[in-house]
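Right after this note come the structures.
In the two complexes below, subunit A is the common chain; its partner is subunit B in one and subunit C in the other.
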Partner chain A sequence: MTATAKSASAPPSARPRKPRTGPGAYLAALAVIAITVWAAVGIEFDLSPLWTDLGRGWFIIQEFLQPNWAFIARTVGPWTETLSIALIATTVGCTIGLGMALLASRVTTANPVLYRAAKLFLSVVRSLPDVGYGLLFFALVGAGSLAGILALIMFNIGIIAKLTSETIDAVDRGPLEAADAAGAHALQRARYVVTPSILPNYLSYCLYVLELNIRASVVIGIVGGGGIGATLSVEFARFNYSNVSAIVVLLFVVVFSIDLVSQSIRRRLA
Partner chain B sequence: MISFRDVSVTYPNGTVGLDGVTLEIPAGQFVVVVGLSGAGKSTLIRTINGLVPVTGGELEVDGVRVDGATPRRLRALRSRIGMIFQSFNLVGRVTVLRNVLVGRLHATPLVPSLVGYVRASDREQAFVALERVGIVDKAYVRANQLSGGQQQRVAIARALAQDPAVILADEPVASLDPPTANMVMRDLQRINAELGITTIVNLHFLDLARRYAHRIIGMRAGQVVFDGTPAEADDAVFEHIYGRSLTADDVLTDDLEALESDVPESSHGTSGAGA
Partner chain C sequence: MTAPAARRGASPRPSAPSRTRYTLMQLGLLALIVIAVTVANARWERLAEIPAQSLVYGELMLRGVLQNPFSEPYATYWSDALRLMFESLQIAWIGTVIGALLSFPLAFLAASTVAPRWIVFPTRQCLNIVRAIPELVFAIAIMLPIFGLGPLAGALAIGVGSIGTLGKLTSEAIESVPPGPSEALRAAGASTLQRLRFAVTPQILPEVIAFWLYRFEINIRASAILGILGAGGVGSLLAQVFERRDWERVGITLAVIIIVTIIVDQISGAVRHRVIEGAPTSKRTALV
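After this line comes the complex of A and B, so read on.
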């Protein structure tokens, strides 16, 4: 009350002037637009096939609009394989990922050589996308669920280790110092202070990775990783579009319901 | 026995933490270190267990040199020195018992401890430590569900579980309300008296320092500027340590009567502090 009365009676001080926006922001925006246009011209980007070719594909779309629901019964096996691939890869990948995360944080790895080596290894692992690993392991071990599992494991290690090591970096220093002061070994400190502190975040990342794996295992299946992706690819090759659309509809349902369950668990973890 | 011989600490950024400190602390003494923030109290305490490395002079704890100790030696030394912090430094998500067991890690074989195996003797020792601070019934409660005072008692139990010869406490009551602060200080006093553990506590409240210390060490700008008994540490001494006149913020209790009954020899100072 007194404060407002005081400020009302006091002469208004000069208001600071809004600093000018420099030309940098405008130049950057212009540059982004110019590069986009240049790239589109370079690859002769053209939207016209979207309507000129629509008529040609009409019979495909018609088949798509009539999903062959009876086919779903025959996809139970591949679906089980896909979910199994995703689950196995999540468990193995997240476990290895946690170990790598502990190596890739200065909080848990004091040895600078080991820490840098772990960081370097992880950036190499992350540089290849999931489909890249799919093709790599297809070449190494042949088509099938093993290729899919190995590909997803590599993909998961990269994600989990990155997210978890950043969480470890942000762990409260107080309890770490307390463990040091109590004469604990660095590994004991990681086990008794770091791991419990990051556990909710880590489990949340694992569920997120499971969500990614369900989707990714379909794509990896197409390039030779087994499961429903392989079925999808076969049905495409045979032009059985009504079978394809049945799989796609079910894919929506499965991915959506797993995301829902996973997200509700993650909310409770936070 | 802890002995500092001309110990200096210069931090990597050039800040001087300690400037030629020479001290002897005999076993079993209850020492309170006072000084303004930045005076070097925290540095002094942290050199004793090697959390802050000494950059000059010699520091010995029970005949073991702290300066230049190898990591293994330092761990062995730290296992005999318990430490208590201003912000308790518990792992909030795990049980009280798990936190206290951190104090037993130094004695647990590495591999079993990493798979989470707890020896029955270690668990019993943790329970005994919890009993000593009166919260054994909270053993299986998550640490972050306790009040501040209870959390600090868990931290004391963690230090006791180490079976230490020395307890260091860095501003252990600065985050607590006055009655709780006194309870925690009484816990430390009782443990010092019953177990004969050398106790070194950093405080900035002069009334607490006078009430609980056997010996008060005053620090200013990294140097020891006072070293004597609580009776010798009158207001003039505190004004010298703080380099300014005393204010109400320098005492924990603003209840004048309680203060005067507790520290009668400083009635002049408390009226000044209350004003």
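After this line comes the complex of A and C, so read on.
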């Protein structure tokens, strides 16, 4: 009330008063600065090696700039392994992930206990990084691509289920109500209403996961998941940096071309 | 004109659209998967051993978690894992700050509504290249040789790795901003920089802060990955205890990772919602 009275009494061309910044904003900024300082001290943040130790890293970087192209011919086997690991994991992970997503959305799961349980299960699954699963399955089934496939499946279930269940939450209510009115049960609703309406989004998430898997399977290979990652870690341990850089360049090419293909498919889906 | 109406009166069921293309695509995909299963070199027979083995190891891990956490040596295990998990959080945070600070100006250069085309194109390509390279490669190729094994190398690798995605998302946010406020400022005689500062930035900031927090959540997991290479954090510990097959400690370390990650995710998610949706409405009505 007082605010409107004041603005009425002021001349019409007066500049409006700048809104005051609340204490919350200052507190938030302070918290961000405090966390940053705490973290910087904790990891001993210091950019001076960039000047002082550039020489130490320089010879390695030089080797990197001269990739050993001949080595690529010997990586064909590991590469097909990596690609098939990624493809199998994407297929299985995305299928299980769709089922979990249906369980983890209020729209498709009326039972609150089941819904909560699915949500909790998914946040536990998502909290472990892909390499954690890599180590776990390496211990369970030994080194090789099976460990990599299983680790990526777990990793994919978490991502797909989260993205898809959020899409399901936002699904158009009209067709759902129509299905309810026609007497559909939960499975029929999921099959004939929810799945068709989320399908374009879901497929584009699957492609996104396939891209992620190529990258992740390299990392998982380093901890014993087979594929090109295993080769990479062997060459790295032998200090064959020019071989490592050949692998990295090829990795870049593969990731980039899969990115291009999936982008064009996604554009058609949208 | 009358023919379709008459047909509608008879109400025959429309014929189903052809599914030949879909069937062919599905068959092709199926063939690809079958090929993948055969060339993957996986020892599929070992799948059968998993249930029994995971029970044995699961029980061992659970035993470690259920021990009295205040008795030695379990107290040390828990505090070690927690300390290193906090180091992982620190790596992830510094990485996110670096990524945010560097990607913000780059995003303006990559937005076609702000910068001229001869700047937009190369900037976008740079962001794409950064996005395609995994953090791990930055760590191995550039950071470890110069900064040595340690959390700093991890944080820098994560920071550089975050620029690609953050820059892309931020530039898309800049491009989708409604032009009204910017045009108003232009009419009032504002320079380009003033328009970016007072019209564009306020409009994109909530969304961009949400991207940063989301990236922080991703970076927590990424910092664990780099730890396995020796770049500090809880990943190094996890790799060590797995190598020694010290299952009780594996259980404790996994429990710490899961619990801390879920808590940080919850906090970050709550802040993201608050930033995107603004203050709770009850508070706003109280102020009016």
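Just so it is clear, the second predicted complex is superposed on the first by the 250 of 270 C-alpha atoms of A that agree within 3 Å, B and C clash if a C-alpha of one lies under 4 Å from a C-alpha of the other, contacts with A are read in each partner's own complex, and residues count from 1 in each chain.
We take it that a residue touches a chain if its C-beta (ideal position, glycine included) is under 8 Å from a C-beta of that chain, and two chains touch if they have at least 3 such contacts.
Not measured: the values here are computed from a predicted model.
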Partner chain(s) touched by A:A14 [first = subunit B, second = subunit C, both, neither]: neither
Touching partner for A:V76 - first (subunit B), second (subunit C), both, neither: neither
First, second, both or neither for A:V113, with subunit B first and subunit C second: neither
Which of subunit B and subunit C A:A237 touches, first, second, both or neither: neither
Partner chain(s) touched by A:A179 [first = subunit B, second = subunit C, both, neither]: first
Partner chain(s) touched by A:A25 [first = subunit B, second = subunit C, both, neither]: neither
Of subunit C and subunit B, partner touching more subunit A residues: C
Touched partner set for A:Q188, first subunit B, second subunit C, both or neither: first
Subunit C contact footprint on subunit A (complex, rising order): 35-36, 38-40, 42-46, 49-50, 53-54, 56-57, 60-61, 64, 80-81, 83-85, 87-88, 91, 123-124, 126-132, 135-136, 138-142, 144-146, 149-150, 215, 218-219, 222-223, 226, 236, 244-245, 248, 251-252, 255-256, 259
Of subunit A, residues touching subunit B in the complex: 174-175, 177-185, 187-188, 191-193, 196-197, 199-200
Residues of subunit C defined as touching subunit A within the complex: 32-33, 35-37, 39-44, 46-47, 49-50, 53-54, 57, 86-87, 89-91, 93-94, 97, 128-129, 132-134, 136-137, 140-142, 145-148, 150-152, 154-155, 221-222, 224-225, 228-229, 232, 235, 238-239, 242, 245, 254, 257-258, 261-262, 265
Subunit A-touching residues of subunit B, taken from the complex the two chains share: 49, 51, 75-83, 85, 87-94, 98, 101-103, 105-106, 108, 110, 113-114, 116, 155, 158-159, 162, 168
